[in-house]
Structures are given as structure tokens and as C-alpha cells.
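Have a look at these structures, which come just after this line.
Below, chain A partners chain B and then partners chain C, in two separate complexes.
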Partner chain A sequence: MRSASGVASLAGAAVIWVALLGPVITLLAHLSWPQVSAALSVPGALDPLVVSVESGAITLGVLLVLGTPLAWTLARGSLPFPRFWEAGVLCSLLLPPLVIGLLLIFMVGPYTPIGELLGHVHLSATNTFLALVIAEVYESAPYYVLGAQAAFAAVEPAIEEQAALLGDRPSRVARRVTLPLAAPGLAMALAVAWARAMGAFGAVVIIAYHPFGIPLQIWTTLQETGLPTALPFALVLLVVALPLPLAAYIWSARARGRRRG
Partner chain B sequence: MLEADVEVDRREFRLSAAIGVAAGERLALFGPSGAGKTTILEAIAGLVQPRRGTVVLNGRVLTRTAAPRRQVPPWQRRVGLLRQDPALFPHLSVRQNLAYAPAPGTGREEIARIAERLGLRGMLDDRPARLSGGQAHRVALGRLLASRCDALLLDEPYTGLDSGLRRDLTELVRELVAARQVPSVLVAHELEAAQAFADRMAVLDRGEILQLASPAEVVAAPAARRVAELVGYRSFVSLPGTGVAGVHPDRVVAGRQPGRGVVLAGPVRSCRPSGAGWEASVEAAGTLVPVRLPEPPEPAAGEQDFVFTVLDPPCFGPDGLRVSRPEEVPT
Partner chain C sequence: MASATERGRRPGRLPVLAIVCAGLVAAGCSSSSSGGSSASSSSSPSGTAVKGTASVAYASSLTFLNEKVAAPAFTKATGYKYTGRGDSSGALEADIASKEITPNVFEAVGGDNITPLQPKFTKWYIPYAGTQMVVAYNPKSKYASDFKAYADGSKPLKGLFTLMETPGFKLGRTDPNIDPQGRDFIYMLELAQMYYHLPKDTVSKILGTTDTGTSNSSQIFAESSLDATLQSGQLDASSAFITQAVELHLPYIKLPAAINLGDASLASQYAKATVTIKPPGAPKTTKSGSPQVIDITIIGKPTPAGIAFVKYTLSPAGLAQYKQGGFTLITPTVTGDSSAVPSAVKSELGG
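Then we have the complex of A and B:
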């Protein structure tokens, strides 16, 4: 028999849950399948999807290579002034994406030292695929680094110490103990970063208007032909962005469950 | 043979200790929390770098701060360390934990034999989360046995387990140390745990070894008043001309037996049941003396005071060091 407060908290949770899912429910309710098929069968309609998936995949690669060691050192507290480093990561999380885009223009635009350096190797960090990747990295990096930091911090140092005493050098401890134990958390962090990269808009619209990814496709379709024609592309974005986080969530929940017995 | 002579700077004091443990020997480092016991183990295991000292295991120099300097990393030391947290690998099965770092020549059959010996046969495919505390400690011990481990360090591993389990695990470790002939060091802050395990006991306080002797000798003849306090002497009575005598509540018998120690007498101030006997507080020689006796203390017929004999009490001079006791002391 549930108490009155139990019923109230269940009802409250249900209301919030439905409200949070509301946009997704609304999207599905307003889509007509003929319209979806018509919108997606236009020649070139799926090109932004390819651009988004390619740039998202490269973004994840960059985050894995650069973000993982940073997350590791932050988690182990091995850097001097750890709060200073954390503040740097938080900074890109707290800055509005639009502002990040503006500032990136001043940082890597064509008339900046970095922009000129890129120009020497015939690259440009504005309105190019490179610019899109840079904007996505800036928008998704803090989500990955902070998530990965939490995943590494959750690995008990005593377990790593025991592996070392049993004869494993640090690189082997990382491979056999730390990474497998942090993997569910790392997967979640990566999946969240993927979703952020797929949906990156604020910085992208400033620094990488071309080539189009899906968010810009939705925006321009909305501007040019109105709400109903933009909805199918919103569905495409959800279908591409959400499965990885959901799969990562289910996998990490199962992995954690097995470890808890 | 394990030899360690190390100095480590702690926040409150400088730890300075030298121990030698022969193959198959069991040494207990006994002392209060924060005395530096664990630091000694960590220096042996290579987890702490001493400011000065040497650690030598079976002739291999693991640490030497004098030239030529040497600090072998923990993963090359072949030193096993068991702590209170068994630190099993939660993502691996019991079998994979046991076979995590097998010594050369340790195959599946040897792992199965170790599991059998430790009573783990039925749970080899389980994850550590499904094990009880005692089982987890058995797996941690088995993992060390299967690995190449030339010395066994135990850092209060069985604290928090129930007493029956502790007894069984301690007995198991004793057998294994004897069978493998490895030097072993136990850190304990409970006297009973140290006594149950060790051949020899080092009493440590604030980074200094105060006495190194057999467990029986440390209790019967503490080298200093501080050692006496640490091993359970709870009151000290003045003996004219010699200093003070230590009274251990368990080393007391009722009645006047001057041939066996110092006779004291006084009124009983409190008395309550304690285990199978009684714990009383007797006011004698100007202080309250706690005693544990099989029966409630009663004054003899016609006397007001309860008379008891402190068996062969150690005496300490003004400097706190033990001095010999005069044959008879008036009370």
C-alpha cells in the first residue's frame, strides 16, 4: 500500500518525465509519413546528414585523443592547481555556444595568427569542414572531459595499486583495470558528446555556416519553407543523435549492474 | 629474508624503523593508529619512498637511498600486500582474479588447487560483488598465492570481520606462510590480532620501535611504560624507592600471595560483569586499579578492604624504562 506522499512523488515524477519527453512526443504526433518521405527524397536532402555524421565522428576522435588524457590527469589530481584546469574546462561549458562561435572567429578567423598559419597549408577555419569540426569540438568537449573525469575518478586507486603490486606496469594497469572499469562511464560521456556534436548550432552558425550539417539544414528549411517542412529533418537529427547515447546508457547500466552483483 | 631500515617524514614525526624477517617468519607491527605501521609496509612495497634507508628482499635491493640509489617500482618488487579492502577486480570473475598475475608455471590446475584449498571452488565463475567479506578476502589471498610473491605484507586485513572468520583467515595465512616459507609482516592495532599471528612483535609508537620481542614477552615484560600502556596495562601504582608498577587487569588474582607479585588492598569502588567474569575498580595505593576476576571481588571475612595480588608486575623508573622490582614491597 503506497502512502499519500509516495503517490504524490510518483505523480510528480510522471508529470516531469512526460513534460521532458513532450517535445519528442509532439514531433512524432505532428509528422506525417508521406511528408517525411517527400522531404527526404529530394536530391541532396541527406547530404547534411553525411556532413554531420562525418564531422561528429572526427569530433569524437579528437575528444578521445585529446580529452581522455586531460580527464585522466584531472581525475587523478596529478596537475598543479587542479581547480584552475577544471575552470578552463567549465569555461567552454558555461559560455553560450553563440559566444563561443563569435570568439572562435577572433581566434582562428582568416586574419588571426592561427588563421594565417592555417592559410600557409591551404586550410581555413571559417565556413569549411574544419571549421565545423572545431565548432563541434568546442561545444561537446566539456561534456566528454567532465564525464570521463568522473568515470576515471570512480575507479578506486586501491584496485589500481593492487594490480601494480601484482606486477603490472602503469600502462598495463590502465589497459587491464582502469579502462575496463571506467569504460561504462567513458561510453556515456562519449555518447553525450556525440549528441552535443550532432546538435551543435550556436557556434556552428557563426563559424561554419557551410558546409551544412543537420542543425543548419533544419534552421534554413525553417527560414525558407516553414515549420512543417523542417520537422522531417528534426526527426533525422534525433534518429542519428539518439541511438548511440541510448545504447551507451543501456550497456553501461548493464555493466554496472553486473559489477554490483 | 626481508630487511628494511627506513626513515620516512610524517607530518607529526619522523618514522624511523628497522626490521628483519626471516623466511617463514611472522612479524607483527603493533601500535596505536597513526604510529606509522602502515607506512613501513608501504615503504617495503615501494608505494612510499623513504627519505633514507634500505629495503632488501632475499638479497635483492629494492630500495637504497645511499649511492648508488635504487628504487625498484612496486610492479617489480614481488611483494604481496593485503589490506582491509581486498581490492578485487570487480569486472573479473573469481577465477580471473585468482589468475590475474600467475607466477611462471602456475596453470589452471594450480589455480584450481588454490581455490580448493581456500574453499572457493563453487564460486569461480562469480563476480566479486556476489562474495561475502570473508570469501572476498580468501580470493585476495588466493590471488597473491597464485602470483609470484616473495614477501607477504598484511595491513590489518581482517579488521571488521567477525571473530570466527578472523581466526580462520589468520590460521590460513599462518599455514600458508609456513608452507611457502616467505617472510610476512602483519600490521595490527589490536593486541589479540598481533598475538594470534606473530612469532615476534614490534611495538611501534610515533614512528619508533619501542620493543621487539615475542608476543608473550612484550606483555609480561614491557620494555617501557609506554609499551605497557599499549599492551593493556591500565593503572600504575607507586612503589617506594623504585618508581611505578604496571597493573594489567588480567594479571591479577584475588587474595594475598606475596611470592607471586605485589599485594595490594583497598575498597571496591565499582563492579560489573565483563565477558565470563567481572571487571572491578579497586582503590589501592592511591589510585583506581581496574581488575578482571572470575568472581566478584569481596573483602575477606573480618576485613574491610579487598586484597589482591598483582602477578609479577613490571616496574618503571622515572624515565619510563623498566627497572627490576624489589623482592617485597610493603602495601
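Then we have the complex of A and C:
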């Protein structure tokens, strides 16, 4: 039999969980299958889904390649003035995505040095797929870097040191010790970044109006035809974006459980 | 050894906390780019307690005028509070129709955004001011000297449309599928092609596509980012209503009445321009040009504050604000069922 405090904790957790889930419950309550079917059967209705998945996957690749080394060096405190570096990551996290989008215009617009450089190779970072990836990277990178930093920081340096004492080179220590031990946390960080990339809107609407991903599809549909036709796309976003974080969460929890056991 | 372990663990707490906090921040901020809303309050003008709030949904081209000029003056003059919400007229119409928003007053660009709400939400509207299309430009663009020449009339305006066809010319406009201004710009180009006897492919060359109603174009920006992109120097020129250009201090080129959609007497001429749009989740629709007139109506059961706002807007003081903001004034007359218009509003029409 549960103690009173146990029941109170359970009730408290349930209240918060239901409150967090409120918008999703509301979404499901307001959707009917004929509505969903009608909205999604329009020719080209699912094109934004493909755009979102493709851009999200490329964003994750960019984060893995560029964000992981930064997260590792932050976790190991191997950079001079570590708080300064961390503050830099936090700054990009705290700026509203809309403001990031506005500032990106000044950074990568067609008449900036970067924009002109891209123009020479017939690329543009405004209203293109590249612009969408850039916006998603900016909106999701801090989440990945800080999450990955926490994952690396949770790996006991003593274990790495022991591996090194046994003669392993740093690259082998990273491959055989650090990465496997940090993997559950890295997976979670990647999952959070994926969710942010898939739902990215603020910076996207400013520099990447075209091609439409799912969030912009929801917004433009809402603008033109109203709520009933826009909401089915929110369901699509959930259905497509949720499996990866969910799988990462389950795998991460199991991996931690095995380690404890 | 222990210290090494602690060193390794310590940074982990900050990131986790930061992620949680920042998630909440992002949730609050990431959806703030569309539309806008505000509220104002003040004491009663004459010392008498007046209760009530005028909730106004307005076309986003009226944002500056409503929020910075009309609302404070209205509250000061009447004692009623004011809340405003700006968005594209079509979006507001959809929001009102779906009861997502329930304003007292609706100010739309074009009566065709009000008629779908009749008779359920309103039976009338009153046109009272007009705006017109201009071409706003970047004063630091490599074409700036040409733009200035077109603006001051030292070069014939016909050349502007040839200039906009230039490969590499960076033009910005809004989505014709969801924004009236996006459609108006295309109507203006079509009218210019007819008016100046330009080659038949002029419009498609300027827009970069023969599918003029498409939203699939690198020229298309969200309304909220178009002006910012032009102001940051990343475009050569963009579509604009004259009121926007005046409010944002953007240099602009005025266009003749035959193509600028600003003259109510040229309605039949403007209607010759058409664009076929395909809004997301809706069938194809062909729309035609019309004068850019601002219309006002009361949504639902008239409230004292809502009536007071419409009355104030149509008063000499209210109309003067529009004139100062670059609008042309139209003698307010009722379109629709005039018996449904509150008498206090009618008194401003002289009837």
C-alpha cells in the first residue's frame, strides 16, 4: 500500500503530466477523421512533410558533426574560460527564434559577404532549402550542444584515465569508452534537437518562407482557410516527429537500467 | 581522483537546467511572428467612469495607425479601453468565421473580406479610406540611382518594370495565397503591362514564373519579414502599401492611379487583372483586382465600446489620422443593410 506522500507525489505528477499533455489532448479532441482525411488528401498536402523530414535529418547530421566536438570540449573543461564558451551557447538559446531569423538576414542575406559567396556557387541562404536547414540548425543547436555536454560530463573521467593508462590512444578511448558511455545521453540530446528542428518556426518564417515545412504549412493553412484545415497538419507533425525521440528515450532508459543492473 | 570526478560532473547541471528553462522560453517565443495584439487603458476623459473595451481586429497595414495613433486618442476621447489584433484581412476573416477570435470591430482591406461573414456576424460595412500600391526600394541597392529617377519622375516609369526583369534583381513580395498585398502586387504588374503596352511576358519575367499565383518562389516572404529584409539591405525592391512605406520611412516609387489600385472610380479597370491562387488545403480560386479600400464593421451584437470605436474612426478626428498616415479619404457610406447600423454610427454618416 502506498504511503500518503507517495500518493501525493503520484497525484502531483499526474496533474503536471496531464497539463503538459493538454494541447495534445485538445488537438485530438478537436479532430475528426473525415477532417484529417480531407486535409491530407489534397494533392501535394504531404509535400511539406517530406521537406521537414529531409531538412530535419540534414540538421541532425550537421549537429552531430559540428556540435559534438564543442559539447565534448565544454564537458571536459578543456577550453580556456569555460563559462565564457557556455555563455555563448546560452545566448543563442535565449534569443527568441524570431530574432535569430531577423539577425540571420544580416548574416547570410544575398548582399552579405556570405550571401555573395554562396551566390558564386549558385546557392542562396534566403527562401531556399539551405535557408531552412540553417534556420533549423540555429534553433536546435543549443539544445543538442548543452544536452551532449551533460552526456559527456556524466562519463567518469577516471574510467577514461584508466583506459589511457592501459595504453589506449585518445581516439580509441573516445571510441571505446567515452562515446559508448555517453551514448544514451547523446541520443536524448539528439532527440530533443530533432523535435526542435521539426517544430522550428520563428527563424524559419523569416529567412525560409519557401520551401514549406510542416510548421509553415500549418501557419499558412491557418491564415487562409482557418483552424479546421490547419489542425490535421499538427497531427502529422506529431506522428512523424514523435517516434525518434520516443525511441531514443526508451533506448536511453534501457541502457541506463542495464548499467545500474 | 575525486576532484577529477567532480570536475567532470559539475558542468552537467547547468546544461540540464538551461535546457528545461530555455524550452519554456522557446515555447513562449517561437510562435510570435504572426499577427500582433495589444491592449491599452486609460482613465475616463471627463471624470465619469466608462467601462468596456473595444476589441478591434484590423488589417496589418493599419498596425501603426491603430496602435500608436488611433487607440491612445480613442481611449483619451471616450474613456473606453482598447485591444487590437493585426493580421492579414483574409486570416482575420477566417479566424472570425471559425470563432477563433471574437472582436467587436473588424477593419479589413477590401469588402470581399467582410461579405463572407454576412449575415451571421454582420450585415453591413462602411468604406472610409483608401490606400495604394507603391514599390519600396533599398536606397543602398546598386539600382538606387534608377529608383530615385523613377521616383522623382526624371525617368519614365515604364522603365521600372523592365528593370525589375533584370536577372539577379532581388525583388520581395508576399504570398498571394494568403496575403492581399501579395495579390495586389501581381494585379499592379498586370495592369502596368497593359497600361504601358509592355511585352506579354513582362509579368512572368518579373515574378520569375508563369504560375503567378504560386507561393513557390524565392521572392516570397512572410509579411512580417518582408520589410525587415528590405530594411536590412538584402533586397533591391519590394511590394508595399504607401502607408507602410510612410510609417517605416522606406523610400518608395509612386505609381499612377491606373495601376496602383488606389482609385475607387477605376474599379472596373482594376478588375481586369486576375490571379489564380491555390491556398493550402483549398481549391483553386481566381481573384480579380479591386480598389484598396479600408472597410469597417461591427462583429456580432454591438457593444457600447465597439460602437464608440467605429463612431470615433468615422469622426473628423479619426479620419484626420488616416489622412495624416497617407491614406486617401472616402466619404463613408453604408454597404449592405443600413437598418442594422447602430444609430450612433449613422450619425457620423450624417444620416
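Definition applied: the second predicted complex is superposed on the first by the 252 of 261 C-alpha atoms of A that agree within 3 Å, B and C clash if a C-alpha of one lies under 4 Å from a C-alpha of the other, contacts with A are read in each partner's own complex, and residues count from 1 in each chain.
Please note the rule applied: a residue touches a chain if its C-beta (ideal position, glycine included) is under 8 Å from a C-beta of that chain, and two chains touch if they have at least 3 such contacts.
Worth saying up front: this structure is predicted, and the values here are computed from it rather than measured.
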item: Combined model on chain A: chain C and chain B, fit or clash; value: fit
item: Geometry of the superposed three-chain model: angle at chain A (Cα centres of chain B and chain C, steps of 10 degrees); value: 150
item: Chain A: partner with more touched residues, chain B or chain C; value: C
item: First (chain B), second (chain C), both or neither touched by A:E54; value: neither
item: First, second, both or neither for A:L181, with chain B first and chain C second; value: first
item: Chain B versus chain C as contact partner of A:R169, first or second or both or neither; value: first
item: Touching partner for A:E86 - first (chain B), second (chain C), both, neither; value: second
item: Chain B versus chain C as contact partner of A:E161, first or second or both or neither; value: both
item: Least Cα gap, in Å, left between chain B and chain C after the two complexes are fitted on chain A; value: 9
item: Interface residues of chain A shared between complexes with chain B and chain C; value: 156, 158, 161
item: Partner chain A, residues of chain B touching it in the complex; value: 45, 47, 73-81, 83, 85, 87-91, 100-101, 127, 129-130, 143-144, 147-148
item: Footprint of chain B on chain A - complex, ascending; value: 156, 158-159, 161-170, 177, 180-181, 255, 258-261
item: Residues on chain A engaged by chain C in the complex (per definition of touch); value: 39, 42, 45, 74-77, 82, 86, 90, 93-94, 96-98, 101-102, 105-106, 109-112, 115, 124, 126-128, 139, 142-143, 146-147, 149-150, 153-158, 161, 192, 196, 199-202, 205-207, 209-212, 217, 219-230
item: For the chain C and chain A complex, residues of the former touching the latter; value: 1, 4-5, 7-12, 14-16, 18-19, 22-23, 25-26, 29-34, 87-88, 90-91, 94-95, 97-98, 100, 170, 175, 177-179, 215-222, 224-225, 228-229, 232-235, 279-282
